[in-house]
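The structure that follows is given in the form of structure tokens.
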Amino acid sequence: MKFGTAIGIVISCFGIAMGATMEGTNVAVVMNVPAILIVLVGTLGATIAACGLPAHIKLPKLYMKAIMPPDLDLVGRVNEIVGYAEKARRDGLLALDEAVKEIDDPFTQKGIQLVVDGTDPDLVAAVLDAENEAMRKRHAQGRAPFMQAGGFAPTMGIVGTVFGLVNVMNNLNNPSALGPLIAAAFLATLIGVGSANVIFLPMANRLKELSEQELHFREMTLEGILGIQAGDNPRVVSEKLMAYVSPSERPTEAEQEAAKAAAAKAA
Amino acid sequence: MKFGTAIGIVISCFGIAMGATMEGTNVAVVMNVPAILIVLVGTLGATIAACGLPAHIKLPKLYMKAIMPPDLDLVGRVNEIVGYAEKARRDGLLALDEAVKEIDDPFTQKGIQLVVDGTDPDLVAAVLDAENEAMRKRHAQGRAPFMQAGGFAPTMGIVGTVFGLVNVMNNLNNPSALGPLIAAAFLATLIGVGSANVIFLPMANRLKELSEQELHFREMTLEGILGIQAGDNPRVVSEKLMAYVSPSERPTEAEQEAAKAAAAKAA
Amino acid sequence: MKFGTAIGIVISCFGIAMGATMEGTNVAVVMNVPAILIVLVGTLGATIAACGLPAHIKLPKLYMKAIMPPDLDLVGRVNEIVGYAEKARRDGLLALDEAVKEIDDPFTQKGIQLVVDGTDPDLVAAVLDAENEAMRKRHAQGRAPFMQAGGFAPTMGIVGTVFGLVNVMNNLNNPSALGPLIAAAFLATLIGVGSANVIFLPMANRLKELSEQELHFREMTLEGILGIQAGDNPRVVSEKLMAYVSPSERPTEAEQEAAKAAAAKAA
Amino acid sequence: MKFGTAIGIVISCFGIAMGATMEGTNVAVVMNVPAILIVLVGTLGATIAACGLPAHIKLPKLYMKAIMPPDLDLVGRVNEIVGYAEKARRDGLLALDEAVKEIDDPFTQKGIQLVVDGTDPDLVAAVLDAENEAMRKRHAQGRAPFMQAGGFAPTMGIVGTVFGLVNVMNNLNNPSALGPLIAAAFLATLIGVGSANVIFLPMANRLKELSEQELHFREMTLEGILGIQAGDNPRVVSEKLMAYVSPSERPTEAEQEAAKAAAAKAA
Amino acid sequence: MKFGTAIGIVISCFGIAMGATMEGTNVAVVMNVPAILIVLVGTLGATIAACGLPAHIKLPKLYMKAIMPPDLDLVGRVNEIVGYAEKARRDGLLALDEAVKEIDDPFTQKGIQLVVDGTDPDLVAAVLDAENEAMRKRHAQGRAPFMQAGGFAPTMGIVGTVFGLVNVMNNLNNPSALGPLIAAAFLATLIGVGSANVIFLPMANRLKELSEQELHFREMTLEGILGIQAGDNPRVVSEKLMAYVSPSERPTEAEQEAAKAAAAKAA
């Protein structure tokens, strides 16, 4: 289900193209080079001016990320952390030292490392919070060009259409050419409104949502790490972290027992 | 009075259809397949791209929820909690252990269970707050497709209309066909603006309000559970919780006495 | 000066009607039944769907409240509370017990009663804050239909106008009827934009302002009650509460002396 | 530089009038009585309905304030407060008692008076904060009619234009009159959009900015008064308050020495 | 990559001009003096009225700043601060006294000076926070004219276009002149929408982003200064500050070692 963005854009384009074709319009008219130049290059320039060049170099990576988001396995992470909590309770915090190097996720690794180093709990929370806040800002900057493009594209469409109409008005002496000229003028609005609503705005919203999911994931992890450091009972750690999981995704009690057993064995 | 959403949509459609018919328009013209394809399929695709597929699979359930919202009996819940508070004061917190299993509402049950287990009060508040915060996020994600559709539908309507007008402009040599073609182009705007304002936006607002009511309900419950744990006088618990009830729905003193007597008997 | 809302709506309607008449338009054309059906019934349905039926049953009461708002006498309330503060300082908190029953305002009464009962100060603040927060939410829910109608009415006007234009386009073969048909189509926009800007939005804003005034009034009262409980010097209580009163409405020193004397006598 | 608002409005009107004249339009056409009645009287009524009559009686004073704002001399105030701080450190807080009566600014006077009276520091901060919060609310209420008018005027312009177009459509049988009638209809939009953007919105923004400047000025004063009460070193007080002054307006070290010497002499 | 704003504006203008030329429009038509007067002078007047004259005198400097933003070398600053932290740990806080005079950045200098002077840590944080908050406000005021112009320019464009259309309607008796007149009227909208979207809004957004980057830079510096004062281990200071640096810009461990060695030598 993770290819939602690509599927959605395809559905949207399909619906619009299908409807337009049934109305009798040749959909290929949108491949109007002047209109595309005005709207898309105009919008690109405005977003570069608004957000700077570096933010645009990362765009292809962000398109890929929105289309194929990474998996965030909340329940797996809960089990992983409960496993560390059990190990720490059984063998002491220092016992986690060797486990640290095998942790895949850099955020979890950094957190457990700080705990093993005996860093002050407030400082652990401060350092990890700073990481999260910095990630939140980075994500916001990353999706800014999409947000801005969603606002600029329709107005660039208007600029294109008005330019076209100015041209029309200066050619009123040639009535037979008016229809196609006005049609071409309208295409700029079509491209501006269409690209904003089919691509830029859904993309910006999707990236925002993915960012929130990742933050949620990390906040849960942070809560777990602080619980491990405080020496909380693994059952309590599990209870607290499960609140971050949607009820429908929470494992049944039997599943949870099995997972704990597996984690205990693995730890 | 709980079927407000369905009633409202029916009233709105009725008013619009009635007015249009009196004006002499045949309302059936809105069943224009190309316009519907462009606007509704285009909007669906954009919301899928913006919010992901899983959020759309839950939509039918959310439509049902908005149309037939669950009953939230604030006064009943207050009496239930005051009953537990009295039992706890009379027989000690542990006496609630057997009552826990019979509690219908999972949130209340989890809370009372934590209290009976002797969990630290700050931890009880933290776990239940996390549950509420998670529910709030889940609800916000659930209604996001309606919010987004309320924004996308009118602009998809514009896309459809501009496509139609482009078609019109390329057929200016056939004047007799112009009227119906322009009319058909306008239908996309009509469907886009209409569906957003009669269905998507009211739906999104309704779901937001229901979410706030449920949160309010749970905050009251949480306050009551913390009061029970703190060993507050049941009269004080009742006083505090009644502040959550609208004055017009608060029971008179006589009713309250009767309810307390009944609760005491039941407990 | 309290009938501002009614006066404002009358002035606004008068200005518009006068201007339109001078332009040569017959103002009675706005009584166009199809347009009214589409816009006002369509809007009513949408707000019912968005806010639920119960919120609409209270609307007539809210119209009356906006048109004839209750008087909130800040200086009178300050003097009343300073009177209680003096009585409490002179004769002890319990001396307020008999005064409680004669307090008109239920909020003040509840607060002083809690103080007389020896409730913990934090609990007094918590209970009264909860009352205020609940009132704020109730008011926000109450004015929601006006806010929503202010947004829905203009778009329902567009729906009506587009429906009318669709009708026009399908009747292009009868040129002599076009003028009146287009005029009728425009009326829906006129009614939608007009009703939103002359009635719904001003009403919503007015109710919001009245709600803020009442909250301000109650916050001042709460501050005073907490001051009485803390045994503050009545002069200090007066100083603190006067900060809530606009400088231009604050009594001169002479007036204040007289008021204090009167309050002392009355208490 | 303080007459910015008046200068700005004159520049804006000049630019528009000049441009329109060069285009060949007679600018005097905007003095269209019906359009002015609909837009300006309609807007006035709507703002009265939205904000109440009393807020409108203060409008002329607010227009004057926006056009000729009071001078706020940050550096002068810093020096004044540092002077009090030095006096207090040298001769004790009570030595300020005689200086209090000569303070021009009521806010500073009230603050120093509270300090001299030996009021608890938390209470001094609470009373002065309440004054500031009340001023902020008062200012927000004061500029509300401008904000609202900025929103209502363009829509009243649309109402006027649609009314005009309805009139046009009912007079299609008289083609020679159509041009001037349509022109007159457009004037309402022109007046609505123009008045909102040249007068109401800039005015509202200007008043908001002046309010923020005054609040900034008072927050600095409050910080200084609390410093005096805490017995802070005058150098530290000066350091803290200078952070409120824009670097480009901060006095050079030599100027500061001179100012301190003068203040010390004056105190 | 720092010339993003200039590059973006050039790209945007190029795209629009190219597209319009391909459509057959002579791009030079936008140099329409009446339209430029109405839109740009009208907008300038409105922003002066809204934001005051002083804010406009700083505009050329802000244009330059947006086009050539200063370099903010996060990693360099981290190494600088870690260097001070090491010096302070080795030789005591007073050893920083001579280093203070050589610090380029006034903010860092002020902070270290306060630390060397033995100021209370809370006061150090308060003074530097006040500096940052003041800078944030100053930046917000500085970019306000761009934000406002982004809102005013399109509406001034509408004012210009409506004025032009009024002129057109009063000249219906001269059909051959209509086309160019309507075209000229449209130019005002073109200039208004174009200048807002190609210049004012991207500029405002860019300045906002630069302000946030500078604040981020200073917050990191403040955190480091407080760490030095608290006598934190330089390794911990480095760990905390690196959280402010984007992972992709963080030096590898080898680079970090080298930097530390260099800093230690330099200190």
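Quick notes on this structure:
Per-chain residue numbering starts at 1, and chain names A, B, C, D and E are given in the order in which the chains are listed.
Please note the rule applied: a contact is a pair of C-beta atoms (placed from the backbone, for glycine too) under 8 Å apart; a residue touches a chain by one contact, two chains touch by 3 or more.
It should be emphasised that the depicted structure is a prediction, and the values quoted were computed from it without experimental measurement.
Common neighbours of chain A and chain B: there are none.
Centroids built from CA atoms put chain E at 25 Å from chain A.
With centres defined as mean CA coordinates, chain D is found 41 Å away from chain B. Looking at chain C, one finds that none of its residues touch two or more other chains.
Read around the assembly ring beginning with chain D and moving next to chain E, the chains appear as D, E, A, B, C.
By the touch criterion stated above, chain D contacts chain C in their complex at residues 33-54, 119, 123, 126-127, 130-131, 134, 137-138, 141, 144, 148, 151-152, 155-156, 158-160, 162-167, 169-173, 184-185, 188.
Per the touch definition, chain D reaches chain E in the complex via residues 1-16, 18-20, 22-25, 29, 154, 178-180, 182-183, 186-187, 189-190, 193-194, 196-199, 201-203, 205-206, 209, 212, 216, 236, 239-240, 243-247.
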